[in-house]
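Heads up, the next two complexes both have subunit A, just with different partners, subunit B and then subunit C.
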Partner chain A sequence: MNLYELYDAILNGKLEKAVEVTNQAISQSIEPQIIINDYMVKAMEEIGARFEAGSAFVPNLLMSARAMKGSLEILKPLMNNSNVTPMGKVVVGTVKGDLHDIGKNLVCSMLEGCGFEVVNLGVDISSEKFIEAVKEHKANIVCMSALLTTTMTYMKEVIDAFENVGLRKDVKIMVGGAPLSEDFANEIHADGYSDNANSAVSLAKKLMAS
Partner chain B sequence: MDKYQPDYRNILEVLYNRRPKVLPLYEHHIDAAFIEKATGQKFSDSINTDPELYFSKVINFWKENTYDAFDFEAPICEVFPDHGAILGGKAGPIQNREDFDRYPFDEIPSLFWANATPKLEAIRKVLPQGMKAYGGCGYGVFESAQDLVGYENLCIMQFVDPDLFRDLFAKIGDLYVTLWTKMVKEYSDIFVFFRMGDDLGHRTSTMLAPEIIKTHILPQHKKVVDIVHEGGKKFLLHSCGNIFSVMPDIIEMGIDAKHSNEDQIASYDEWIKKYNSQIGLFGGFDVNILSLGDYQSVYEKVVKDGTYFRGIAKGYGLGSGNSIPEYVSVDAYRGMIDAVKQIRRNDNYINNNK
Partner chain C sequence: MNAIRRISFESLAISSSDVLKLMGYVKQSPDAFVSDLVDELLLCAATIVKPSYYFTISDGDISATQLSINKVQFDLNSTIATLLRNSELFALFVATAGVEYQEYHNELSKAGDTLMLYVWDVIGSFIAESCGDKMELELENEIADTAHTNRFSPGYCGWNIKEQSQLFRLLPNGVCGIKVNESSLMYPIKSISGVIGIGEGVDTKKYGCQFCELKNCYKKRIKKLSI
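The block that comes next holds the complex of A and B.
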């Protein structure tokens, strides 16, 4: 069988094809780790890179993520007894007062597609909720999204709140959203900023390694 | 300086892409909550119970702040049965062909007019001399599609049911023709020009692929542009985000002016240099500046950059890159308004001493 068909199916957002090839791969006892890391994640990385370069669009990312999810669902039951370990655990939310969720959901899809375990808290998330979620899920990274000037300043409050409860050094904090900039991220002492869902993944990997 | 006399013919010059005598102010919208915050008067509850009171308060605020015209859009999405998917967090009422066939599109015009008529009539009654509204039917074609399906599901529909995706946009286009035809026919007296808002972009790109926007959305926009032009009026498009890849096609479909800009996407003079030879432009000042800045910093920036924009542009009206939501600082907003008054005084001085 040709596992490159799986890569192509995910890259081109073909759910049925991705599921079909994944089933074939399972029936031939190919290790889930190989299927995921060498083909599925690679396809997500490629579609992410195309999105960042402006040659793919949000709908393409969503279709790829949908195909990836379809395949992952079949592989999940087999993963307990294999040595697939998530890249890290990430808690993601749009901050308090802000309802913009499209970009945040894309960041979730890309992180998930590239091997992170993601807890998507939704929109309008207060500092208390972020902290609670980090404690509950023992997360390594917090991703905050904000699309409004006011809510972007709230990010600083969340970072301060992590400081106040003594958890700041236990988590890496990434921020993003349309009105933000690298400078702003530095100003509020976030650990990282990126302006798109693809570079969010490389940033998360870098932070996990640091 | 004498009290400012609004003159809608002044702002209209921008739509003809000519340099107005007096630098006009423009906003896509000023939230009622912001007006309440700035004036200390509560009135927003009266929109349905006493629309004349509501619009007198709103229009008076625009007038006091030296605008020639103010925004009013009668919302389309808000009368859609089971509306709200555009806000995220839920799927819209149309997810498949069956939902589409069943959806009560035919009832929408009557729902729309039941909501819009009292407001339009109230505006007609309270319009001050020299002022008119701009706007018309609220929400764009793409926004209606997002409200009926949900953005993410619409993206999926594009691939898994392309026929439904095509038919949906065509159906929305037909609905827009019905609503806009009546709007232009019956309310042209209260609008100085018409405007549609349809956010087609985000920070780094368009919300759908440019080819999809050109094939499915712009032809519907063009129907509205044509209705407006046939009614003898000018058309302004408000569209947020990075839409440079479709701007040539948008200009080609006949818009007279464009609004919305964000500094993280492009500096405003880029908009002027790229497009102002063909269309009028509004905006210039990112919402970030008006939310984070204080009176003095905003005043100085707007005098400096505003004078520059007015200097290099033909048709140009100054304002925020988007709108004045509740969270904009009242001081910073006043800084912008006072700066425009200063630019006008400077212009006067130069003209009088020529």
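The block that comes next holds the complex of A and C.
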């Protein structure tokens, strides 16, 4: 069988084809680790690179992430017995006072597509809800999003709240959204900033490794 | 005008190419699957969406950083206050894609189809903004040749979103079916609200992307793609 068909299916956002080839690979006892790392993740990296270069668009990312997720669902039961370890658990939300969720959902899809376990809290999320979710799900990373200059300042309140409850050292915090910058992320003592869904995945991987 | 205007989706004349452009497809064509989905959801919008708008014109006082209308005070940043300077009257407005739009949005969200939700979201943004344009046209008719500023909204250009609740104190209760939650956000989500300054001496249409501090805004990204 040709596993590059899986790469192409994910790159082109073809869910059914991706599922079909994944099932074939499983029936031929190919290690999930090889299927994921050598083909699926590579396809996601390629679509992410095309997005950053301006030759792919949000729908392409979403379709690829959906195909990737579909294949991962099939592989999940096999992953416990293989060398594949989950990337990490991420709690994601748009901060209190802000209802913009498209960018945030895109980050969720890309993170899921790349093997992270994602808890999408939704929009208008208070510091209490972020903390509660981290405790409940034992998350490794918190991702906060904001689209308004007037709501991005709430991110600092969330980070302070994590300090106050003594959880700050247990969780990495990354931020993103149109009005933000690297400087702002440093100023509020976030662990990282990304300006698009693709770099958010790279950042999450980096934070998990640190 | 002190009445709610309900308008048809067709009158907004939103085309699939408008929507695709807002999604970034400026020079590049989308996959057939994506353009078909846009067509499908535009048809769906034509069937279910009921947009509406409302505006009212009031006296008010503008200072270096504050606007006061009917004893309700707004703290603006100096950019907006400067642009509203010389206004003799103020139009307070809302425009919305409507409750029906929101209900379908909730259905898609529940179903977890992120691609459909994304396209529906883009269409919703277009509806709310186009509805705002319609409102502005009617306002222009009403004020005849008097100049007016651009639209300014809580949450943008440094105007704190918390002042949204105060703005709604000056509007009829539940206007256009819009509710403001405890975080001062509007529901239906695809709604706009704000103020427009009216007066012979105001600067017209001065605020735009060139003054905005957002570096990664999608509008700037699309403009970049268009060059």
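The criterion applied here is as follows: the second predicted complex is superposed on the first by the 210 of 210 C-alpha atoms of A that agree within 3 Å, B and C clash if a C-alpha of one lies under 4 Å from a C-alpha of the other, contacts with A are read in each partner's own complex, and residues count from 1 in each chain.
As a convention for this text, contacts are C-beta pairs under 8 Å (C-beta built on N, C-alpha and C of every residue); 3 or more make two chains touch, one makes a residue touch a chain.
Source: prediction; values computed, not measured.
When the two complexes are overlaid on subunit A, subunit B and subunit C occupy overlapping space and clash. By the document's definition of touching, both partners, subunit B and subunit C, reach A:Leu99. In the superposition on chain A, contact is made by A:Pro179 with both subunit B and subunit C.
In the superposition on chain A, A:Pro59 makes contact with both subunit B and subunit C.
When both complexes are overlaid on chain A, the residue A:Met1 reaches neither subunit B nor subunit C.
Of the two partner chains placed by superposition, A:Val165 touches none, neither subunit B nor subunit C. Touching of subunit A by both subunit B and subunit C, each in its own complex, is seen for residues 13, 54, 57-60, 62-63, 66, 99, 102, 105, 148-150, 178-181, 195-196.
Against subunit A, the residues of subunit B that register as touching in their complex are 87-89, 151-152, 155-156, 158-159, 202-209, 212, 262, 264, 286-288, 291-292, 325, 327. Those residues of subunit C that touch subunit A in the complex are listed here as 23-25, 28, 30-31, 33-34, 37, 114-115, 117-119, 121, 154-156, 158-162, 181, 183-186, 189, 213-218, 225. Contact residues on subunit A toward subunit B in their complex (touch as defined above): 13, 51-52, 54, 57-60, 62-63, 66, 99-103, 105, 122-123, 148-150, 153, 178-181, 195-196.
Interface residues of subunit A facing subunit C in the complex, by the touch rule stated above, are 13, 54-55, 57-60, 62-63, 65-66, 96-99, 102, 105-106, 108-109, 124, 148-151, 178-181, 195-196.
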